[in-house]
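You will see chain A twice below: alongside chain B first, and alongside chain C after that.
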Partner chain A sequence: MQAKMIFWQALTPVHPGTGQDSSSVIDLPVAREAATGFPVIPASSLKGVLRDGRGLEKNDESEEAAIARRVFGYAGKKKKSDSEEEEDISQAAELTLTDARVLFLPVRSYAGTFAFLTCPLVLERLKRDQKALGLPELKASIPNPGQTDALLAQNTQIVHGDKVILEDIDLSAKVGGADALAQELGKLVFGEEAGYFVERFALVSNDVFAYFCEMGMEIIARVRLKSDTKTVERGGLWYEEAIPAETVFSSFAIGKSGFDEINRPYIQIGGQASVGRGLLRRLGVKYES
Partner chain B sequence: MPERVLEIHALSPLLFRDGRPFSAADGTETAARSLNLPLPSTVAGFVRTQVGLAEGKGFSQEQLQNLHGLQVCGPLLARGDEVLLPAPRDAVVYGGADGSPQVMKLTPFSPPDGAGCDLPDGLLPLQVTQDVKPESGYNFWPAHEMERWLLGETVIPQKISGLPTETRVHVGMDHEKGKAQEGQLFSVAYRPLEMGKNPQTYQPASLRVRLSLPNGQTPAPIGHLGGERRPVAVEVKPSLSDYWFDCPEAIKKRFAELGKGARVRLVLATPALFEQGWKPGWVEKSGTGELHLPRGLARVRLRLVSAAVGRREPVSGWNLRQNQPKRVRWMAPAGSVYFFEVEDGNPADLLESWLRPVSDSEQDRKDGFGLALWGVW
Partner chain C sequence: MRASRLNLPPPPHAGLALQRYLKQQDDENASARELLTHIANSQVSTVYRTAFERWKESLKGAIWLEATTRTPLAIGLGNSSPLENGLALHHTYGTPYLPGSALKGLLRRVAERYGLTEQEKAVLLGEGPDPKRKNQGNAAYLVYWDGWLDPASSQPFQSDVITVHHREYYGKKGAVWPTDFDDPNPVAFLSVKPGVKFCIPITSPAENAQDWPYKAAEMLKWGLENLGLGGKTNAGYGYFTVKPPEKPKGELELGLELLEGYRKRIAGIKPANERGELDFFLRELADKPPALRKPTLEALKKHLQEWKVWKTSNPQHARIQELLDQ
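Showing the complex of A and B:
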C-alpha cells in the first residue's frame, strides 16, 4: 500500500451540498467538517466523479469496465456464460480516497486582488497526515501568527501601507515572516506557477481563517422567472453557498495501484453543474498506475 | 513477549455501524448510524488484518488461527495525548442550584429491616441521594479524573461528550440520465476522529490499542477500519507507559493496604461479554484457582454486592470464514460498575487485570471485551 497526495484548485465556485435543509438563511449550504467548520469535498463525491459511471452495468465485459471494477469496487452478481448459474463478481475497491480539505482559501484583498489564506491548524493537519502515510513532510517550520498578524512571503503583492486589508479585516503585515513556508508550499502545490501563489500567500491565525471559512464563501442569490410575465415565481428565490474560485484542496489516494485514474486535468464536482459550478483542475505531478 | 501500543489515526471520518437494518425497502430507515466508539472486536479484527498483511504470508487456515490468538486490548479514546475513559455509571452529573455541575455518587445501600427489593438474592440496591435529572454530555472522563474517582474521591468531571457526528447524505447517480437513482438516497452518520466545533475547540483524537506481538511483528501502517473501508493510519508507539493508562501508583498503594473484607469496585473501560448477560460468570469461581479465569482473579475470592449497569448493547457481525452472520449477543456497556467485597486473598492481585479484559470467554478476552479498571468504595 502506498499513498499519493493530490491537490485540486477550483476554477469556478464549488458547491458540494449537504443534501439537507439548513437552519440559517442559506438555502443550499456547502458541506463542512464537524470538528472545524471548514468546507470539505466528501471523498464519495470524488470517487463517483473519477469513476464516471464505468463498470456499473453488470453485462459490460469490456476491459475498461473490468479496470473500473478493480479500482473502484463493485457489488453484484452476473450469470455465467456457460450456464444459468449466477456468480458473485463483487470486489472491494483497490483505491481509497480521502476527503478533499481546504488548503488555501482565496479572500478578496485591497491590494493584489486576492490573498491565499491558510493557517497553522490546516498545515499541521496536512503535516500529520503526510507523516502518517509515509509521505515526505513539510520541511519549513510553521510559525504561529498572532490574532491580528498576517505572515507573508518576501515578495508579496497584498500589502497596502503596512497592512493586509482583507474584506473587512485589517491585519498587520509581516513581510518575510513565512517566506520559507510560502516557497515550499508554492513549489509543492503549484510547481512552475509558484510565483502567482507566493505573491499572494498569507498565513493567518486559526480564528481568522475560521472566520473567512464561515463568512468568505460565495453567496449566490438565484431566481426562477415565470415564462409569460417575466416576474419571479412564488417561492422562486433561493440562496446558494459555494466555495469560491481559486480555492486549493488537498486529499490523498491510497492503494496498491490504480493511481492513473486520478490523472485528469480537470473534473466537475458537486451541484449546479449546468450553471458552471464545480470545475476543479488537478495540480501536481502525474502518477503512473 | 513484547507489548506495544498502537495509535490509530483517521484520514477520513469513520463509520462504526450499530447493526441496525439499512436497506432501500419501504418503511425501513435509510440512515446508517455510528456507535460512539468501535467495538473491541472491530478493532481487534483490524489489528490482526494489519499484522497479517505485514507478514505477507497470506491468510491460510493456520495463519488465521495464529492471528486469531493475538491478544488485543482496546480501544481507548485519546484526545491529543490524554486518554479518555467512558464515564462510570455510579456517577450522576446534575445541575446544582447555582447552575454549576454537581456529582451524585451511587453506593450500595442496605435497606432497613422490614424493607426489601426485588433484585437477585444477595444484591443490594444503589442509594440515590438527590432527586435530580442527569445532565447530558458527560460521556467521557479524562484518565486523571477517573483515577481520583476510583480512589473514592468526589470529582466534578469535564464535559466531554465524545466524537462529534458528521451526517452526510449520499445519492447514487444514474449515469445515463445524470440524475439520482430511485431509492438510492440515504444518509450516513460518521465519526471523525477529532473533537471540537471550531478551530478554537479543535483537538485531534485517536484510538489506542495495546497488543502482544509474540514474534516481534509490526502491523502494516495503512489500512481500512469500520464501514465503507475508510482509511486509517497506524503508528506503533515505542514507549508503553507513555501512551497507555498504566495503573496509577496511588491505586497500587491503596490496594496494598487492603485485606480480607475490603470493598473494591470494577469499572469497565470497554463493553464486556458475560455468560449471564450483565453478571460476570467468574464471580462464583473467583479465588478457587480454577483455570482460564481472567488474570489476577484466580487467587482472590470476591462476592458481588451491587452493580450499576447501563442498558445492554448488542454485538453481532459477519463471520467471514463461514460466510454467515454471527448470532447476536448482549454486552454490558462500557462504564458499568460492579461493587465487590473481598472474602479471601490479597486484593492487590486484582490489579494484574488492570486494563486487561475480564469477559468470561477466552476468545472474547483476546478480542478486548471488558477492560477492567479497579477502585475502592
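Showing the complex of A and C:
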C-alpha cells in the first residue's frame, strides 16, 4: 500500500456545486464539509475527472479500458464470448482518492493584495492524516493564535501599521509568529515558488478561518438576457458561489497502483466548466511511503 | 465602512476598495468620486503579473484572441457595490476581466445572426434539455475562459460619470413631466478605459474538433467589434479591436504558397531547358504529400499543354500525371 499527498491550486474560481439551495440568497452554493463548513472538492469529482469516462463502455475490450477499470473500478456485466450467458466483471478500484480540502484560502487584504489564510484545525487535520498514512509529518509546531491575532512569517507583505486588514476584519499582526511553519509549508507545497506564499501566509484562529470560509467566497452574479431586447429575462438573475482563484487544496491518493493517473499538471473540475471555472494545477506529488 | 479605517487611504486592490472603502454617502457624491479617482490611479499588482504568467502557461493548448478596448467598457454594472454601479473585477487580484459567461452570451447573440444550424449551436453553446424529456441536452463542447487583463495595461481604470437629468420623471415612471428646471444628478462609477488589452483563451477538450475554437474565435471577434460587450453598448461602451488567433495553415494553402515560389521558374521552362527543369521539379515534389504538391504539378501540366508539347508518351510527362493521380 502506498500513499501520496497531492496539492492542487485553483487558477480560476472553482464551483464544486451542490445544486440549488432555496434557503440562501446564493442560488448555487459550493460544496462544504458538514462538520466544519469549509469548502471542499468531493473525491468523487476528482475521481470522475481523472477517469475521464474511460472503460465505462460495456463492450470496450481495449487495454486502456482494462487499466481504467482496474484503477478506478467498474460495476457491470458482460456477455461471455463463447455463450449467451453474462458474467459479472465488477471490481473495486485499486486507487483511493480523498476529498480535496482547503489548505490555504486567499482573502483580500489591505496590504499585499491578498493573504493565504489557514488555521490550527486545518493543519492539525493534515498532520493527523499524514500520521495515519505513514507519511512524514509537519515538523514545525502549530501555534494557537488568539481570536484577534494573525501569526505571520518574518518576511511578510500583508501588514499595515501593526495590523493585518482583511475584508472587514482587522487582526493584530504577530510578525514572525509562525515563521518556521510558513517556511516549511512554503517549501512543501510551493517548492521554488514559496516566496510569494510565505509573504502572504497568515495563521489565524479557527473561528476567523471559518468566518472567511462562510463569507469570503467569490459571489458571481449571472444574468440571462433576452436576445432581441438585451434586457434580463424574467427569473434570469442568479447568484453563484465559487472558491476563489489561488486557493490551495490538499488531498491524498492511497492504493496499490494507478498513481500515474494523478501525474497531470492541470485538470478542470466542478461546475460551469464551459465558462472557464475549475482550472487546477497540481503542485507536485510529495512523499511516497 | 468601519470607523477604525476612516483615516486609511483605500487599498490598491480595486475590488476591495470599491466594496469596503467608501467613506460615506453624501448628496454631492464627493467621497465616491474621491474613491474612484484613487482606483483609477492605482497600478496592477506585481502578484497579478506572476499569476497571469502561470495562468497563460496552464492554457498552452488554447487559441488566443487579443481584444483591446476601443471605447470604455462597463461590464458587470449590476455587481453589488455601495456605489450602485459595480464592475466585473477579479475577486483575488482586483483586476478587470471579461467573464467567460459574458463572452459565451455574446457568442450566442452572434450565432443568431450567423444563421448557424441547431447542431452547430449545440456544439458551440450547448443545448438545454427539451421540455418533453426526449433529449437530455448537452454541455458546450468548447470552454470560454475568462479574458484576463494583459498586465502591460497597468492602469486599466477610469473614473466615469453618468448624469441623470430628469430624476423625478424616471423615478415615477413618467407620472411627472421632465422639465428644464430639474436638477441633474451626476452618478460616479468605474469603467475600463479605452486601449486596455485582454487575452481571451478558447479551448476544445475534444481532440478531433480543433476547428471549432477557430470558428468560435472568428464569431467572437465579430461580436466584440460590432455588437459590444457588457452594459451601455447603445451609448458606445464595450467595443473592441480584436487580433484573431493565427490559424495553422491547411495543406491547400501551403500548396498554393509552394506554387507561388515556383511560378516564375515554371514560366521559364523552354525547349532548351525542359528536360533539366522537369527533372528538378520531379525530384523536389516526389516526397511531398499529394495535396501539397498538387497545385505545382497542375501548373506544370498546364504550362506544357499551353505550349502544346504535353504528351503522355514522354516519360517525364507521364511521371507528372502519375504523381497527380496518386
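Just so it is clear, the second predicted complex is superposed on the first by the 282 of 289 C-alpha atoms of A that agree within 3 Å, B and C clash if a C-alpha of one lies under 4 Å from a C-alpha of the other, contacts with A are read in each partner's own complex, and residues count from 1 in each chain.
The rule is simple: contacts are C-beta pairs under 8 Å (C-beta built on N, C-alpha and C of every residue); 3 or more make two chains touch, one makes a residue touch a chain.
Given the structure is predicted, the values throughout are model-derived calculations rather than measurements.
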item	value
Superposed partners chain B and chain C on chain A - clash or fit	fit
Touched partner set for A:178, first chain B, second chain C, both or neither	neither
For chain A as apex, the angle formed with chain B and chain C - C-alpha centres, to the nearest 10 degrees	150
Partner chain(s) touched by A:53 [first = chain B, second = chain C, both, neither]	first
First (chain B), second (chain C), both or neither touched by A:225	second
Which superposed partner A:11 touches (first chain B, second chain C, both, neither)	second
Contacts of A:279 with chain B and chain C, given as first, second, both or neither	second
Which superposed partner A:34 touches (first chain B, second chain C, both, neither)	first
Lowest inter-chain C-alpha distance for chain C and chain B in the superposed arrangement, angstrom	5
Chain A positions touched by chain B in one structure and by chain C in the second	none
Residues of chain C that touch chain A when the two form their complex	2, 4-5, 8, 11-13, 15-16, 20, 45, 47-48, 50-51, 54-55, 58-59, 76, 78-80, 90-94, 99-101, 103-105, 108-109, 112, 126, 139-140, 142-146, 205, 233
Sites on chain B touched by chain A in the complex	9, 11-13, 164-171, 173, 175-176, 185, 187, 192, 194-200, 202, 204, 220-224, 229-231, 233, 235
Residue ranges of chain A touching chain C (in the complex, touch as defined)	11-13, 106, 108-114, 160, 165, 167-168, 170, 196, 218-225, 227, 230, 244-246, 265-266, 268, 272-277, 279, 281
Touching residues (chain side chain A, partner chain B) in the complex	1, 3, 18-20, 31, 33-37, 42-44, 48, 52-53, 56, 92-93, 96, 98-99, 119, 121, 125, 128-129, 132-134, 206-207, 209-210, 252, 254
